[in-house]
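Here's the structure, in structure tokens; my notes come after.
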Amino acid sequence: VTNKPNKRKIINDPVYGFININNDLVFDLIEHPWFQRLRRIRQLGLTYLVYPGSTHTRFQHALGAAFLMGQAINVIRSKGHEITEAEAEAVTIAILLHDVGHGPFSHALEYSLIEDHTHENLSELIMDELNKLFKGRLTLAIDIFKNRYQKKFLHQLVSGQLDMDRLDYLKRDSFFTGVTEGSVGSDRIIKMLSVANDNLVLEAKGIYSIEQFLIARRLMYWQVYLHKTVLSAETLLVNSLKRAKKMALEGQELFATPALHFFLTRKFLKGDLSPSNPELRAQILKNFVMLDDTDIIASTKVWEMHSDKVLSLLCKNMNDRILYKIEMQNSAFSKERMDELKNKCKTKLGLTANEVDYFVFSDTIINHTYVPSDNRISILFKNGTIADISEASDILDISVLSKVVKKYFLCYPREIK
Amino acid sequence: VTNKPNKRKIINDPVYGFININNDLVFDLIEHPWFQRLRRIRQLGLTYLVYPGSTHTRFQHALGAAFLMGQAINVIRSKGHEITEAEAEAVTIAILLHDVGHGPFSHALEYSLIEDHTHENLSELIMDELNKLFKGRLTLAIDIFKNRYQKKFLHQLVSGQLDMDRLDYLKRDSFFTGVTEGSVGSDRIIKMLSVANDNLVLEAKGIYSIEQFLIARRLMYWQVYLHKTVLSAETLLVNSLKRAKKMALEGQELFATPALHFFLTRKFLKGDLSPSNPELRAQILKNFVMLDDTDIIASTKVWEMHSDKVLSLLCKNMNDRILYKIEMQNSAFSKERMDELKNKCKTKLGLTANEVDYFVFSDTIINHTYVPSDNRISILFKNGTIADISEASDILDISVLSKVVKKYFLCYPREIK
Amino acid sequence: VTNKPNKRKIINDPVYGFININNDLVFDLIEHPWFQRLRRIRQLGLTYLVYPGSTHTRFQHALGAAFLMGQAINVIRSKGHEITEAEAEAVTIAILLHDVGHGPFSHALEYSLIEDHTHENLSELIMDELNKLFKGRLTLAIDIFKNRYQKKFLHQLVSGQLDMDRLDYLKRDSFFTGVTEGSVGSDRIIKMLSVANDNLVLEAKGIYSIEQFLIARRLMYWQVYLHKTVLSAETLLVNSLKRAKKMALEGQELFATPALHFFLTRKFLKGDLSPSNPELRAQILKNFVMLDDTDIIASTKVWEMHSDKVLSLLCKNMNDRILYKIEMQNSAFSKERMDELKNKCKTKLGLTANEVDYFVFSDTIINHTYVPSDNRISILFKNGTIADISEASDILDISVLSKVVKKYFLCYPREIK
Amino acid sequence: VTNKPNKRKIINDPVYGFININNDLVFDLIEHPWFQRLRRIRQLGLTYLVYPGSTHTRFQHALGAAFLMGQAINVIRSKGHEITEAEAEAVTIAILLHDVGHGPFSHALEYSLIEDHTHENLSELIMDELNKLFKGRLTLAIDIFKNRYQKKFLHQLVSGQLDMDRLDYLKRDSFFTGVTEGSVGSDRIIKMLSVANDNLVLEAKGIYSIEQFLIARRLMYWQVYLHKTVLSAETLLVNSLKRAKKMALEGQELFATPALHFFLTRKFLKGDLSPSNPELRAQILKNFVMLDDTDIIASTKVWEMHSDKVLSLLCKNMNDRILYKIEMQNSAFSKERMDELKNKCKTKLGLTANEVDYFVFSDTIINHTYVPSDNRISILFKNGTIADISEASDILDISVLSKVVKKYFLCYPREIK
């Protein structure tokens, strides 16, 4: 992306050193308030309660992914595959904005605040609105993002098994958590990228890097993303917001920033973001772009003093890091165990049968590291043949890696063990 | 600090790898809500608007400084100087809690919200209260912190030219900003620490490390701490809060979290924290420990929509990163220049004479890297003599380094250039 | 290892920062010429022809492994398992000296210079001799090294699936080659070490770190240790020495340092190091400890000008990095292909049928990442049960990892493609 | 340097990650045996006796400096200053070859082996010869190297206060020694480079980086390059070679590789490399390019067993790291002290008056970090004015930094203290 820009920016990034912004449109998008908002949304939500260093934001990640995209473009071009200036700009914008629809603490928001809407829906909404503001200059970026553009490999650079999103977040999350062995060789993998039959492929000598990438990702999943204590903290937050939303919908008085208040006092339905509801859509957008981590934390701190015992305790526990005790296993927890814990908890904390479900509950999490069916890692051999990593690797048993792992977890207050 | 603990904690830190907590009291203090609050206070305030990586918190810094203290204790003991177990615990607690009185965006808070009170006053207040809660077990730590304990070198490890506070924050801020060349050789400096005449001294072969430390600190000052754009952002925040407090004191309606509301609606005086005002003191403490970065940011976002043009514009500019244009020079800015800019600004933004001062103004900043008079770096030679670094270094002109640098800066909106 | 030492040494290591030597005997062993010799033996032989940074030595590796041993001792003790001061000293010495019998470019030496003797034989010989010099103070270290000591876990720290040798060399080789994604979480793995039934075990939450360790090791094998070009370079060296030894044994004049001359002009047999041959044993030892990388390289440079065409060409090619073209595949190369290449080569370079085998040949290499049968990684669960990693990991297919991979490679001069 | 190359090379460097070679001529020069020779010459000579990690070579450094040159070219071009493709290739070659004339252990060689010839003389000789081999394609590179080309700033990139040589070696030496605080912000400094009046200048906001660079360099000088123990080791080597050369010139039998033998048995004079001596010049070149670290070390090891007591002891001490005791001070050592030590030494070691000078002697070293008179660091201000760093920095006292520091050192065997 090297047109002659009027605006130049060099951003100091602890992971890559310096990130150059050489493109006017990219520059203007970064300056836009809706992108600046990502400075106030942590990449890993409450993970900093376990890994104190992981306070990095989605803003950094988006810039980092755009930086890697610039490297990938150079590598692919150097191997004789055309990427026009317009395509380079567009694919850079697509990766820059791929997470722009993330709300604070994404899971909590998606499941408790805006029911039935994912951050992908919201990213698309915001990208469409930005496209209007920028007079259609984002159309190609959006086409690539939505996989409607004919050169499929450009979309795969944005969203695929080896996209710049994953390469950046694995490297960045490893850096900020201090889980150094979760780092991936993003440089080496990018050097091996190529294009064949319009698909993103990896040259065969990169197979070992891919194996390491898959296992490092698996490590990061269990060591960080699905860490028991992180899960426990996030569950506290989800339950706090569930309780608050229930109370708000019942008409109870509740302190909240205006943006959060909007989402607490409305039930959302699938069609709410559809163009056929332009007013509601506009209202949701207006409130959504005002919402970030600080609204949630600032409000939950106030709720610590609310008269509702459940809400105040959940919030206090989260903010003071008095997390649930959490157990994890491969099979469901027995009803007997659950009932026993609930009874203890009701007595200990003086709760009703309905209330206790906020404190003693079980749920499941799943992790799949690699799913070859929907989205392959294609390996390009010197003789020009292409194979999926599951066939190309003479040793890695991908069927094992792609197996969905489902774990059951059980949460209850520390004091009732 | 290696008594046999009931509680053990290993914390993953991206700067040092692993930090072990082996002491029950230290463990319990870290778990306390007043310490956990530091997870929600960024070490470098708004610096992340310039260095996106610098979202690290005072929580990490306090742990890191305590980690370095453990190393320093080992080194000093290995050179034959006694540090008892009780002293080791106390000096570790003293460094752990040295910043516990920091509010959000310290400068803004100290100058605009709690007039006439520094974070040191508040740290002492909180340490005293913790001491009551922990039944006097913090007394020695507080004595060391306040430099009332006979072994002066223990205080110097907490607060002095070579204290663990500075060694950690320089290394950590360098790490998270990505200004790698600002890193200091904390390991090497600590290895060189010793004690002579009850003073912390540095063995002579460490002179070059100290020179590098002083210059790296200077680099960090101008490259990060006093970076023009950081200054511009902080000034926006200070002015936002000044305006809000003015309005609140005048009785205007203003959204705020309860803790922030408390500080916005009261004028503070020097004696407010004195033990002779136990009730006010308790009320200030109660609100202070509920206050963190999220209260400020969440509230300023709401103020963006306030009908007061000054307040809404200041807040919008801060949160959307539309920062003041800032100029810096060694002499005062002329009245003519100021008046011209103010006139332009009044016209452009439609402001009154009073209002324009929030948008066009000048001020000064000072930096002194080393002040030998109050607080020396003592060098210990092999023959047992001791000299200040200013004499010990045959080349470094400390008089130059310790000269106070005063710079004038001028801020005005970008659009009136 | 913290007796009160008369001698203290702090060594600056780029991988770990500082390495402290606090034990007099360890200090004296490091100072001994036979250990200092390791400063002149590169850890990775000719790998620096592919990864220019990998010029690090066995000296650094031995110190690094001893450093990790100190950490492991602390962790294991902190979990309530006794390691006496004498044992701590001994196990540190055992790891320090585990590679002291490595000659220059180990493979070349073992297969071409001292036939039928491994570096393990020579390490034992040197350790026995050092034990005499140090009046029996190494006896316990040697017992641990040879697995004759009752506490088996001490031997496993020196030589086992998770020994300090591997943890250091993987981390160090990754650091110096620049293959950063091959790095292992040695810190985290060591924190998880424990002892059960006198065996070294790993706490269950370390499973993902072990998986990452096994895969990173695999990456390092194929990316570095068995890299095609490295293999090509090493083969050139082996062939140079084979040719030189053949010529020397036939009585031809050949420049060589005295120590190298000794090994070139003698055929070695299995019993040569046996105590029943004290004189020969002493002579081999005397020459062996004088031999390092410089003898080999300095001599091969002189051989570039030798009248023997084969020898001079092999040496010139190695030193000027005109390496064999090398092909690798999973099945044997056909006789037809070999014959064709040999014929071309004979014509092109003017070689006889015997001579051409130095330039066109094929061989095999094998790699096994994990062999559970002989040497297990035992996982300790919270309930006290122990399982091998192959059972403990719910996802990693160890049978796949432990499968021996055999590859065939074919070498021939670049110019005869 | 991005012409469309037939040959591409990606080299893995632990300092910068990946170094791309995209230029055919650069590629061919790297492949040339005279450049490959640098793989066998350590960048820091015997420094690895103090910092075990510093076994890195001049080969790596030359590649690293060429890598930085590529970055500098991009930055300078992006600021609108023309560098043609031919100039870019030439300046890259100039930096790549700037050290090609370094012999093993440069100081030892320059003062003891090839009297009156510096490595610069030899670099020029080799570059001229390469230019013949490459049919004049190096002419522009040589013109830049010798500062005969009209665009002076190109020469300054190769040799000047801020040349790519220094930026690479400071960063690299810091990396491999583990003296992390000696690292310089090469990235940031390069970003600030520009050209004014045909001179290389640094934009004013880079002043603090330059101060840090100057002080880090000073630290590296005293902590590494002029480290007492390094000095002691190098002096041992110089004395070994002096003694050997004296003996060789006197006709005594001495083992040596042929290339070393050539230099030991000849006295060199100023004019020996002049084109008017083509035969001698060719002979010197032929032997010089065969000489590297291994010749020196392999030969000194043999000399350990020489009947000359002085030579054997010097060599043994060097290789076994039994270094001189060394004292350093700001004034000359007294004749009395010297005589006393010499007498003790003569008695202790049984030496004659002539021989003792190899074991007890004093000398001086000097260090100047910055010499503004010959070679300035020019700072470019926003208003277009230019000033030397000594004026531009409002605080750094360059007169102090540029003061030549002369230190006296005294060496004697450890055992005669």
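Going in written order, the chains are labelled A, B, C and D, and every chain counts its residues from 1.
Here, a contact is a pair of C-beta atoms (placed from the backbone, for glycine too) under 8 Å apart; a residue touches a chain by one contact, two chains touch by 3 or more.
The shown structure was predicted, so the numbers you read here are calculated from the model rather than taken from an experiment.
*Asks:* In contact with subunit C and with subunit D at once: which chains are those? Just list them.
*Replies:* A, B
*Asks:* Looking at CA centres, what chain is most distant from subunit C?
*Replies:* B
*Asks:* When A-B is set beside A-C, which has more C-beta pairs in contact?
*Replies:* Between A-C and A-B, contacts are more numerous in A-B.
*Asks:* At what distance in angstrom does the C-alpha mean of subunit C lie from that of subunit B?
*Replies:* Each chain reduced to its C-alpha mean, subunit B and subunit C end up 50 Å apart.
*Asks:* Could you please state the distance in Å, as a whole number, between where the Cα atoms of subunit A are centred and where those of subunit C are centred?
*Replies:* 43
*Asks:* Taking each chain's centre as its mean C-alpha position, how far apart are subunit A and subunit B in Å?
*Replies:* 32
*Asks:* Two or more other chains touching the same residue: where does that happen in subunit A?
*Replies:* Each of 17, 179-180, 188 in subunit A touches at least two other chains.
*Asks:* Touching residues of subunit D toward subunit B in the complex: what are they?
*Replies:* Against subunit B, the touching part of subunit D is residues 179-185, 188, 208-209, 211-213, 215-216, 218-219, 222-223, 330, 394-397, 400-401, 403, 405.
*Asks:* Quick check on the complex: what are the subunit C residues that touch subunit B?
*Replies:* Per the touch definition, subunit C meets subunit B at residues 10, 17-18, 187-188, 191.
*Asks:* Which of the residues in subunit D end up touching subunit C in this complex?
*Replies:* Checking each residue of subunit D against subunit C gives 11-15, 17, 31, 33, 36, 39-40, 42, 48-49, 51-53, 55-57, 59-60, 63, 175-180, 255, 257-259, 290, 292-295, 297-299, 301-302, 305, 319-321.
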